[in-house]
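Every chain is named by a letter (A, B, C and D) in the order it is written, and numbering of its residues begins at 1.
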């Protein structure tokens, strides 16, 4: 593997990001009518991107916490903005998840997307550029650009190829995420000027920011802005209503990518930017955010239980799963964070697979209502088996991938937040309830609806794109070492850095200082505004 | 001597302009406008701005008001179709506000008592000419361009069919 | 050579796994096309029950029929050799740990996939593989005309694999994997005939209630990890003395851990309050009930309590809780057993009651007695279930005892084997049931944690057990035939593949008890000695309890329990043999009580109303009221607000030129006013 | 000698009258004339201040104002003629196509 041609090796990450862009450009020139050619080209491109990302995973050195495959080129020097990309333990597996899922999703659209195939494929490729970029960007400015870039193709994917209320959902999706990210932009700019104020050098580079000492009061507001932006995206409890609408009205491929990767940008954002840059505020706000996460877990589970539409059910289950991930991240110990990262990948695989399966049903019966189905297990046994494996992985059955992630999160979160974790652990029960109840109403029982009697079972293509997912479900479940070992160094370094920076920042403030006093100058007489810098 | 002349011409100017504003027929207003302009020119003379007084009379009163009258004749709106103007609510409000503005003008005037010495030749031809062609040359040229634009604009607008 | 076999310990769980893989391959590639063809020409319509059409069994079924049981048999053989190898070692170092690969590792948390063989797990793997093998053989006959034959054996092998993982795991996490694995298999097997809505519901109910228990177990694992810093048994138990001195491990934490573990145990072993799923689990095929809901899975809870006996001994309160819950469940489910008419439901409640006994034993510190009863119970309860299976098989699906009778002559082998098992369960001296149950009753009286009341409840429950077991036998085998004519014509003794396991189990039910005859009756309790190293530490209260109680008292109590059993049998004989009319009379005289007991004290209905309905309605409210109206209301509200503001702002642009001039003027006046104001 | 503030007062009054004309009248012609009055008021102020400060810029500015006034009047009247030809009226209240 190391014998890759030298130029490719040094610019591997940039190739990963911009190959789909080149592909999209290439697609423009292909004839519109020849759908097969368009689909195959898109598939080949995304497959190539995946194959190119394999060396990144294989050659990734798990022992150091530093960024690897780094490329840093000054982009807008006068403002200190540089094109700085790199991958480390935290972003490695999310990158692999993205490149892994893209070919599968494209393969799943061979029969489901018939109109405007060219535009569809172009938007999918643009989506991949954005996603890969977000996970690899180390420069805040670059990160923000990719963060916003992802919105546009997704908006069109939902808006054009969606079903019934697609315009409303597309706009709602766009506005929700955009509103959050605008706040984040303000925080980035504030950070940018604060960096200048402290070091006299303009820079938006994350590594430079990491060493920055930010006064506690300022940290609070910046963290709040970042957290809000990512909370919209995760989505955390109060800001989640866009997710079910977006999922229900998105085409299968769209909702697979939306669930599997786009949601992880939120949690990844927390882990990469919000927590390391503002550790004091992050730790102080943990009770609030952890409670919201746990509410999200239970709320997602309860509401999923009463859904009539499978996709909405899976959407609410994503809210629950990501509630777990957030809980893991805010445990601030190695188990919790590694569990969180692993759960991000697991959720990507199991929920992505769930949506693909629902897509298969939708292609055959053009309805997502549970009441329309029943007794499918007899008609489509192979499909039922796949559905069972994925449902169990989503429930978190030990031996499959969901369990490892969830267990590590709960173990990690147990020490700092004992009561919250117990409540979160009860979410495990409800996960089983709503998923099995749905599985039973769809698969078991006798065939009530005549249209279900002669549904064709999964064809070769469908098996082709479901199999890799099932292989990973078992691989992560039985031998998660391959994944956990690559994260160790980065996560331990992150935890240590958070603790160190937090101690340093709190060195001056009197012990036992209440949060309010620390952040809102209550009783300190200090007249300066909280956001003054 | 000067205060008396100032009051006389001031009164003429104010009276003239009130008449301009209140007359129903535009031609009457135009004539009163000429009267006001002459009064103002007199005031200029009082302040030794002879060049400007001359310009006022020739350009302003001579050309602009004549243009007005010319247009009034052109449009020749018959007596009956002149808009009937009654002092409705909005207009009354407008007059009040204008009065308020006058009051403010007075306040400003009273407050900024300038103690400057009256220099004799500030408005003479020679002084204005020198200033115009040295410090304000650019402004002078720009106004010429402005006038050119105005000419073209007026022709383009008023022409029947191009 | 004998010692070397231990290295192949991993074969014990691996063999069933191999079976799962091969059988599922067969199921997917051989059985699916057959099923699909049948669906295609609509032949698949008839019920999935014990359809009688004997298809010409295609070749793949013979392979599966051989492979399924063979794999478990081989695993049994390896287990026997491994146990012998273990026995060859001196008593104190009978512990063999085999680490396979590092499974979950994050920071300080280490949980390798590792197996551990010690006397306790030795007993368990022998029971699981032994009884499991017999039930696999039995299933070949019982399920012969089922269409989804391969799928059944995939699940059964998967269950055996998960159960072996549970008992062989060397840390709590591997045990948890097995724990949930068996939960999954019971869900799959109960819902095997998924076309029956009741079966699918029962499966789901079983999985969810188990999951509630697993929640408790999970939290216990967290607590264990953060107190002991590891989840490995040996490490955890080794650190108990050190940590308790340093005050890290207070009785409070020990109680919390043990109670949470017990929550897990009640979920899995169907104790109050989480027993509701077991009676419904009878929807599954009978061999499944025998294997899972009698012999192996339900005993996982007892095994777990026994495994963590060291922790329980630190927390007397939780020991008391275990004992009380055990006794209460024993008596409570025994009373329900009296009125049930479905043969399998009676056995289900009997299982719940017997499990109550095992927990009673553990609760009073007699862990060895508990495991002993677990073993003997596995034998005779599996036999009872398989016997009832062959009865149902003979009556082509009829399960209601009121439509049976006079089967003594027609099903001789089934009758004799079931009769032996009934004698054993009723605690008739000489048979295995007597020794194990009596040991428990004695220890519940004499041991340090024991109490006379517990003994009394236990003995009463024993009496009731004897009563309903003999009621079952009399109703099924004796008296005149109450069968429907066409069913009666088909009654036939089950094929050898079913009766041979019955006979073997009968032998085990009788002989099983002989290895644990207490000193009081002149025997040497090999079983207790075998388990001593595992429970060696501090079972001062239970092991040699007889010391400060006179031998005479032990005989007295023994006589008492046998007497009570005989009364039960006599009462059953009187009511159901001598005067069959009397039971209806009694039921008639006290209808209220009868109905309540018949309907299982309406526990299911109460759970449903109190918990399930409330959660569902709450979630509907959460979704419609909160999500759709509240949050979306805000979101759409913001949109509406912006549009409204735009609407009003539009009016400012009046279009009348005059108003523009006026607003201009107003602006000027305000600005000038502002300037001259200060 | 007259106080400059007197001139400023006069200028203010003239300006006020001009504004009233613009705002209160419906006849477009009268409005244009009122605008002229306002411009004259400004000129008075310029000249007065200019002469008192002995600064010729007052004069220059007045001169500029006049040219602008001339241009403005010309264009204004041209527009008025165009409107008149189109709408047969010079009453600004009827020129309200934009009215909502």
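The rule is short, and it goes like this: contacts are C-beta pairs under 8 Å (C-beta built on N, C-alpha and C of every residue); 3 or more make two chains touch, one makes a residue touch a chain.
None of the values given here were measured: they were computed from a predicted structure.
Interface comparison, A-C against B-D: more C-beta pairs in contact at B-D. The chain occupying the central position, as judged from C-alpha centroids, is A.
If each chain is reduced to the centroid of its CA atoms, subunit A and subunit C end up 38 Å from each other. One simple way to say how far apart two chains are is to compare their mean CA positions; for subunit B and subunit D this gives 6 Å. Computed from the mean C-alpha positions, the centre of subunit C lies at a distance of 99 Å from the centre of subunit D.
Here the CA centre of subunit B is 105 Å from the CA centre of subunit C. Contact of a single residue of subunit C with at least two other chains is seen at positions 658, 661-662, 665. In subunit B, 94, 97-98, 101, 104, 108 are the positions where the chain touches two or more neighbouring chains simultaneously. Within subunit D, contacts with two or more other chains are made by residues 19, 23, 26, 93.
By the definition of touch given earlier, these chain pairs are in contact: A-C, B-C, B-D, C-D.
Of all residues in subunit B, those touching subunit D in their complex are 2-3, 6, 10, 13-14, 17-18, 20-21, 23, 26, 29-30, 33, 36-37, 40, 43-44, 46-49, 51-52, 55-56, 59-60, 63-65, 67-68, 71-72, 74-75, 77, 81-83, 85, 87, 91, 94-95, 97-99, 101-102, 104-106, 108-110, 112-114, 116-119, 122-123, 127-128, 130-132, 135-136, 139, 143, 146-147, 149-151, 153-158, 160. Residues of subunit D touching subunit C in their complex: 19, 22-23, 26, 92-93, 95-100. On subunit B, the positions that touch subunit C within their shared complex are 90, 93-94, 97-98, 100-101, 104, 107-108, 111.
By the touch criterion given at the top, residues 28, 32, 35-36, 39, 44, 101-109, 173, 176-177, 179-181, 184, 187, 191, 194-195, 197, 200-201, 203-204, 207-208, 211-212, 214-215, 218-219, 221-223, 225-226, 615-616, 618-620, 622-623, 627, 631-632, 635 of subunit C touch subunit A in their complex. Contact residues on subunit D toward subunit B in their complex (touch as defined above): 1-21, 23-27, 29-30, 32-34, 36-37, 40, 43-44, 47-60, 62-64, 66-75, 77-82, 84-85, 89-91, 93.
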